[in-house]
Amino acid sequence: MVRDMTPDLSVTLGGGLTIKNPVMTASGTFGYGLEFAPFYDISRLGCLIVKGLSREPVLGNPPQRIFETASGMLNAIGLQNIGVERFVRDVVPRLEDAGATFAANIYGKTPEDYEAVAERVSEVSSLAAIEVNASCPNVKEGGIAFGSSPDGIARLVERVRRKTGKPLWVKLSPNVTDVGSIAKAAEDAGADAVTLINTLIGMAVDHRTRRPVLANVTGGLSGPAIKPVALRMVWDVCRKVKIPVIGIGGIMNAEDALQFLLVGASAVQIGTANFSNPRAAVEVVEGIESFLREEKIASVADYRGTLRLS
Amino acid sequence: MVRDMTPDLSVTLGGGLTIKNPVMTASGTFGYGLEFAPFYDISRLGCLIVKGLSREPVLGNPPQRIFETASGMLNAIGLQNIGVERFVRDVVPRLEDAGATFAANIYGKTPEDYEAVAERVSEVSSLAAIEVNASCPNVKEGGIAFGSSPDGIARLVERVRRKTGKPLWVKLSPNVTDVGSIAKAAEDAGADAVTLINTLIGMAVDHRTRRPVLANVTGGLSGPAIKPVALRMVWDVCRKVKIPVIGIGGIMNAEDALQFLLVGASAVQIGTANFSNPRAAVEVVEGIESFLREEKIASVADYRGTLRLS
Amino acid sequence: MGFRHGTIVRNEGHGTIFYRMEVALPEPVQFVPGQFAMLSGWPGNDPLLPRPFAIYRAASAGGRHSVEFVYKVVGRGTALLSGLHGGDPVSVTLPLGRGFDLSGEGRTWWLVGGGVGFSTVFPAADSLGHRKGGFELFLGGRTRDQLPPKDWTPGGHTAGRLHLCTDDGTAGFHGTVVDAIRERMKGMGVSDLARVTILACGPRPMLKGLAELAAGAGVAMQASLENHMACGFGVCWGCVAAIRDGEATAYRRVCKEGPVFNAMEVVW
Amino acid sequence: MGFRHGTIVRNEGHGTIFYRMEVALPEPVQFVPGQFAMLSGWPGNDPLLPRPFAIYRAASAGGRHSVEFVYKVVGRGTALLSGLHGGDPVSVTLPLGRGFDLSGEGRTWWLVGGGVGFSTVFPAADSLGHRKGGFELFLGGRTRDQLPPKDWTPGGHTAGRLHLCTDDGTAGFHGTVVDAIRERMKGMGVSDLARVTILACGPRPMLKGLAELAAGAGVAMQASLENHMACGFGVCWGCVAAIRDGEATAYRRVCKEGPVFNAMEVVW
């Protein structure tokens, strides 16, 4: 029996990576990480994932890029980013100084683009992992095009796999009929973990001006609205693959995060919650710890995947 | 120019059906229709769609069947219903007395089941249309199994089509990679209209008891949370098929309904909103009328599908 | 039955855990004890659904009509309600469901409320108070703080007919209401017991315990059940409970065929 | 910059359309005029996102710290805010963004507020008021009811320096602030104009009109832009505006590189 012990929050992910706790922050919702330093010590996070990086800087979509919906938001940022070179040169040293554990979310229009970005970030010895964004709904080429079928994902992952020795995570789209088979294809192609879900494709229009609200017409839906969908998909995928699953989608607090761990996720990512509460992610770390303490559970590993079906 | 004229709300749907306004109520959220008589005159609705009917009465899933989520709800009713015979015998005459325009949502485990229910309800001369539920996520067989692929939907629709001369609507699942191709398959197989979306598959768990909240484990997510997803799919499908599209998903008020018409839907259905506001559907009828009047638009037909993309 | 926009007249905390809300409505409310309302009073879509509450009281005077609810803060919806002020708008659909059947003449009524369940049985007490024989009232709480405020208790002045029970013994009988009823039954003859009807509302384990006790003793019992509800008026089929239907089990809507069921027919 | 839980001290409507909210905070707030806060004060997830508001004033006295906002009800979030009471909790992240650059010495400052835009320029007026030369204030509203309450107006007592403008002529100058500035420029020499800096906040068409006027007259202008925001501190890239970057156009974050931009660099 565990009495007043500090629960062990560390979790083991694929590719030999162990992180101090299961709480990560989601790509595109955490900038390059340093922006959160005024709110808390970012080294307290299990891992932070930076904004999707591409080979060259990307201008992104014209405004309006975001729109609030019922308990959610649409975004069509179009992957505006500073490009992999500036990231490695300017951002990495500062993340290292901050003692942060960080992973790079990468994106390209072609498999060659992905390979190039993967190769470049792999040179960063402090980089914890590479997360392949094969599911961005807001760019015309790449992204979701690869992530919508088992074959597409397999081809992409195989190629990136050959270019990196880093733990390789593949981020999956929820806009598919059978996310399990796509996750399986990623596993078979050499992914060390899968991350899901990316945003659901959504749309908003103004009934008076008769125009789409977003310049991009459609956008990605995130936030608590999508949590039930995310939880179901994570649960599904956890039963279909052996590699670790990183759960994401609408997590606002520790209770939500625990639910993803309960259905089998090895770690979670906090996305949109960072906007309404910049301290959300660190509060999730604290909340998970106190839950385990209260319930006298020795470790996250003991809790993970213990959903009782009968 | 139209000045203070009563706008023409009537809309023409497939199979020669014209209804007095584009506002319907969604199957499973409106009982058998008569339950709403205390709240308003149900003959004011464009059409009401009754709870999914099967060949024999269905017991449905054990409780807990529903759960509230952020701006949405999960349900796993399991299609509890009184069966087609009792519907025809007991309910139809009372709907006729109430002057209601009504359609039957039908469901089966096998194509034969669907055929049988379609044949039986087709004998009801006052029935406006048949809506084939090929997308229920809460039953193990039938439903979504047919609705997840173009082939599946084509086979089902062809068979039901042969059994009825009524306008035939096919209700589609959003839990697919490409809803457009499924809608197209339904059109090619003889559907007069497509209805979308049914619920998104979701899940909820209790992190303390470590159990699923719903006895059925997963359920269907409905309500304003899913509106952006629904709107995007309706917009997509409107550009892929020539038959009328009936839009549904998270519509809470006239503004929401107008947005679905704007992207091309010929009519809309009000679902979950009926629960929080039993007068929701009739308020949508009134709201659409006053919007058209204010904006001096002569008819719903003049407004429909006028989204400006540039 | 109707859907009404009302305005809060009063919304106050009482004792340690109970709130009481009075809502002014455009029309008078007539209800059977045990019937309930779906109530919501928040902007936006989260929470999305109204919440079910027993109708505690309804009054009409001088052309003004109002209805009262008693509630306990247990989650998000009730927390939001407790933050509302006089003048704030709420929506209610009422009266809903099938209340208690108080039609038997010459019966002995035992009214049992566990926790906030008293809000459902007090209206029955109000009705029965006028009859010969009246009723006995069993109220249970974990501690004395969890019993309803004294001045709310119908017939609370009539010593002997009110049985307060606390799990921790801080007031009245030390034990659950089930224990108290078991005590009460002691020494009663079969024919006396056969004249008793229990009307009960409270946590499910309490109701189940009572039902088993009642069944064993040949006592009639009506139980007011709870379940998650979306609509409250019988159209979503979300709120069903397993109810015996001859040999078979049927799923009956708590909001429509209930919330009050014959306890002997409930599949506990 | 920090994320703080505060408590409403006061939240009142003023005139016909403006609300003013004072929030007590655990720590003092230092800010540059034009900086803003992300504010939310609703339970649940709908609305989900906090709303951006200019910091109107910050005060510290006797160990108590507070910050003030002025807002207009335009939609759901602001409607909810207007219903909050003293004592209610709110969350704020502040101070955010890049405010006005008030560093130039010997300049002539024209402060322009359209609609509720005055809330962004009044703090600049408070700063500049202490300087020699001070400022002139142009306030525009559709009608006189849409102008800020008189007693809020900095230097409002100094006649001649305050230019009230209404579209319908119900108060002050009959016309927009752009028209008023055009009038004001009349007869001014090139070198006088070159000493002017306009600080402006208001609807985009107003800002655009002003920027064109200023560009033509060789007047410097800083414009405070608005855009939908999710985070408010530069991490979502949701709030960008098109800003000239040499020959090219870049998307700059209104919340981080702005909200105050050199009006000559904005792609209007």
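Order as written gives the chain letters A, B, C and D; numbering starts at 1 within each chain.
Simple rule for what comes next: contacts are C-beta pairs under 8 Å (C-beta built on N, C-alpha and C of every residue); 3 or more make two chains touch, one makes a residue touch a chain.
As the structure is a prediction and not an experimental result, all values here were calculated from the model.
Engineer: Can you give the shortest number of steps from subunit C to subunit D, where adjacent chains in the path must touch?
Structural biologist: Counted as steps through touching chains, the separation is 1.
Engineer: Calculate how many whole Å lie between the centre of subunit B and the centre of subunit D, each centre taken as the average of the chain's C-alpha atoms.
Structural biologist: 47
Engineer: Per the centroid of Cα atoms for each chain, what is the distance between subunit A and subunit D, given in Å?
Structural biologist: Those two chain centres are 36 Å apart.
Engineer: What are the residues of subunit A that contact at least two other chains?
Structural biologist: 70-72, 223-225, in rising order.
Engineer: Using the touch definition from the top, which residues of subunit D touch two or more other chains?
Structural biologist: Residues 44-47 of subunit D each touch two or more of the other chains.
Engineer: Once you draw an edge for every pair of touching chains, what topology comes out, line, ring, star, complete or other?
Structural biologist: complete
Engineer: Mind listing the subunit D positions that touch subunit A in their complex?
Structural biologist: 1-3, 40, 44-50, 91, 93, 227-242, 250-251
Engineer: For the complex, give me every residue of subunit B touching subunit D.
Structural biologist: 70-71, 224
Engineer: How about subunit A: which of its residues touch subunit B in the complex?
Structural biologist: Result: residues 69-72, 74, 148-149, 175-177, 200-205, 207-212, 217-219, 221, 223-229, 231-232, 235, 250, 255, 258-259, 262-263, 291, 295, 306-309 of subunit A touch subunit B.
Engineer: Inside the complex, what are the residues of subunit A that reach subunit D?
Structural biologist: Checking each residue of subunit A against subunit D gives 28-31, 35-36, 38-39, 51, 59-60, 62-68, 70-73, 75, 77, 80, 223-225, 252, 272, 274-279.
Engineer: Sort out for me which residues of subunit D touch subunit B in the complex.
Structural biologist: 44-46
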